[in-house]
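The structures considered in this document are given below.
Consider the two complexes below, in which chain A is the common component and chain B and chain C are the respective partners.
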Partner chain A sequence: MPRIHFTPHLKNHLDCPPQDVTAATLREALEIVFQANPRLRSYLLDDQGHLRKHVTAFIDSTPINDRVNLSDDVSRAKEVYLLQALSGG
Partner chain B sequence: MSDRIQVGTRKGLFTLVRHNSNWKVDKVDFLGSPVTMCLKDPRNNFSYAVLTLGHFGCKLHRSADDGKTWEECGVPKYPEGAVFAGMPGDDGTPTTKPASMKEIWILEPGGTDQPNLLWAGTIPGGLFRSNDNGMTWELIESLWDNPERMKWFGGGKDEPGIHSICVDPRDSKHIQLGISCGGVWSTSDTGATWERLGQGLRAEYMPPELAYDTASQDGHRMVRCKSAPDNLWIQHHNGIFKSTDDAHNWTEIKDVKPSTFGFGVAVHPSDPQTAWFVPGKKDEFRYPEEGKLIVTRTKDGGQTFEQITNGLPQDHCYDLVFRHALEVDETGDNLVFGSTTGGIWTSNNGGDTWTMLPNRLPPIYVTRFC
Partner chain C sequence: MNDDLKRYSRQILFAPIGEAGQERLRASRVLLCGCGALGTVIAETLTRAGVGHLRIVDRDFVDLSNLQRQVLFDELDVEERLPKVIAASQKLKAINHQVTLEPIVADIDHTNILEFARGVDLILDGTDNFEIRFLINDASLETGIPWIYAGCLGSHGQFMTIFPNQSACLRCLMDQVPDPGTTQTCDTAGILGPTVSILASFQCVEALKILTGHADEIEPMLTIIDIWQTTFRRMSLADLRDRADCPACQHGERLWLSGRAGSQTTVLCGRNAVQVSPSERKTLDLDQLAERLATAGEIQANPFLLRFRLTNSETELTIFRDGRAIVQGTDDAAVAKGLYARYVGN
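Moving on to the complex of A and B:
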């Protein structure tokens, strides 16, 4: 059961504490998070449901591969990080 | 007479308030965030702020209490699979790019008979309407699905966008859009059907045979005279144009010193012959000619122009004024403009003289009397 962490920069806009989820993919994990925090969706994903250009995601220490479908496996992960990229500021 | 000005900047929304004849910064909202568009709706006093966050995208907030509290609204969404025109492929075949919401470039209220209606012009080219003061949005599919939209291309931004929405005060179903780059579009039925206008607009950046193609025009900003709505002005990429027949035909106004290049234009609310511009050195340089900040004003429909310098810096000034950062109030006496380097200048005598705000603000995208 990974714990999802969010960049502290998001705290300027909305609350999003770390959350433990049971999910197979990053998409599933985020959908669980969004159920309780629907505003967070548009901060991390664009209107097409893709990871925003200047948001990055790591599963443990590995950057994700699929920024479109968010199909990366999180089932055995301990930590998932949603971070702001250094670009885009 | 307006006693408040909203200023959207790279680092927040500043509200200026007039004390006697001086303007002062009264408050700052969203400090640190880019506020690229703002609006105070005169029909219901809702205030709106568009945040274009570098990491987290476009956000819309509104306030019903002059900014004491804000609530986040919805933002326009492009439908799944939506595309806009890309550059032709290696073999010359047309290509497309996926469309997703980049920016609300302009936000305007509907007519007084449409109390909850807001219009949003966006990048990459969608026009959206909200029937609930910004909480939810719907794409105007009649324009988006028009095959001629695929001729639009990026101008000031990499992707095409709607920067001007001119609702006719005589008939709120009648609206004209300025699109960069896509020319002037008009509807007479609140967006059910559309017509491309703009005869006489000239694009010198196109091949000669396409210079007058109405689909290729890069008007930087289009404004309509409130009391004489058939009169519109455009500050175009390569010149100044005016129309006296509801945007159907345009006359180019040439030989305006120091330059006809610029982004903003303001027209007097009760005198369609009077308009103001803040020119820059065209177009690959984009700073005031010779480092001297000048407002140009015509009072005779463009036959002659004054170069106004009173109160404006005339030595090593490199302030450029973006398309939404020059405004006139409902009296025609008060004007404001803000610059890319954070300068604010106001006038209370129709632009005869200008006073600089002593504060240097962050880079300014938009100024609005409210």
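Moving on to the complex of A and C:
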């Protein structure tokens, strides 16, 4: 059962604490998270449901393979981490 | 140890660097893109460390809101409205005269980045927007020069070192610049000084490894920190380049370097300001422009720029000799372009 973590600056603006989910794929995992927090969807996914271009997902610290269908297996993962690129500097 | 190296004695005592590493550092040349929050920390650290040649390019001038985190600037620089690279190089010269400093007041874009990168061993990211980072990424892939990315916001930040055509590049990680309005900025999230200092320090450590002959000790990782929560994560990018089918590093696409991507206006993070760049480089006669604008508002000028505040308005244009203007008082690119056309011309 993976724990879904979100990049810290998302957490500052949306209520998205780490969440344990039971899911087979990344999309299933995210859909569970979106049920509790619908606003997260537009931050992470575009209109087609693909991962936004500036968002990256890591499963156990390794980047996912499928940014379109989000079909990566998370059933045995310990952690999924959603990261948004930072512009400041 | 010869006299020139004595000032670095504590650094030389650090075994991985030693005298040989220090000599390599002294022979090295670095391009620092941006001299703001990250950039000033990087510039100071590398100058103190004894890099041989530091070319610093920045388009901006010192503003009061910079002083909270941009460590090379002071209130006098704000009063004098000095370009950041000029103010920074004055401080850096006093810190270490052995370093050859090359401050350049310019906006880095697709027409000039390869010239700025000519002859350097490393490019450091001290910028504050995505467009220029993707441009640096293209330039790095084109020239084979490694670069070190960092971005920060609030209390968190991320960095990665990119060895072009060897490790994952920025586009392997993110294919495109975020759409407008889809990411937080300094305006909405703010930024802590220590966030910047820590990120820039990590960039400098990576730079020291590369420049002293320890590039092989850099792991292909994206490091993510949060200084408020005191968290530190490292994400493996080891096989990302092979898996990502990256248009830039696998297929040679240079969207930003070719000028096909990128805009003529840039909203400046946290400044309620927009930079407007002319489509072609030009050299403005600032004295003549000052005369022309005198009837329309208040003028303040120095040899590098002209500041023009419209009568009965909060709007202010800072116009540089190369034709760029920073329009303060709006974050609307269209409004800024209109003001530019009205007062500076096309």
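Worth a mention:
Quick note on the criterion: the second predicted complex is superposed on the first by the 84 of 89 C-alpha atoms of A that agree within 3 Å, B and C clash if a C-alpha of one lies under 4 Å from a C-alpha of the other, contacts with A are read in each partner's own complex, and residues count from 1 in each chain.
Methods note: a contact is a pair of C-beta atoms (placed from the backbone, for glycine too) under 8 Å apart; a residue touches a chain by one contact, two chains touch by 3 or more.
If you're wondering where the values come from, they're calculated on a predicted model, not measured in any experiment.
Of the two partners chain B and chain C, more chain A residues are in touch with C. By the document's definition of touching, neither partner reaches A:36: not chain B, not chain C.
Once the two complexes are laid over each other on the shared chain, residue contacts for A:85 go to chain B and to chain C alike. Of the two partner chains placed around the shared chain by superposition, chain C is the only one that A:58 touches, whereas chain B remains out of contact. Judged by the touch definition given at the top, the superposed model places A:48 against chain B, while chain C stays out of reach. With both structures placed on the common chain, the touch criterion links A:8 to chain C but leaves chain B unconnected. Put simply, chain A uses residues 9, 12-13, 43, 52, 54-55, 84-85, 88-89 to touch chain B in one complex and chain C in the other. Touching chain B in their complex are the following residues of chain A: 9-10, 12-13, 39, 42-44, 46-48, 50, 52, 54-55, 84-85, 88-89. Partner chain A is touched in their complex by these residues of chain B: 32-33, 53-57, 59, 72, 75-78, 80, 98, 100-101. Contact residues of chain C toward chain A in the complex are 34, 36-39, 125-130, 150-158, 173-179, 182-186, 188-189, 191, 196, 199, 222, 224, 226, 228-229, 231, 233-237, 240, 243-244, 269-270.
Within the complex, the chain A residues that touch chain C are 7-9, 12-13, 43, 52-56, 58, 61-63, 65, 81, 83-89.
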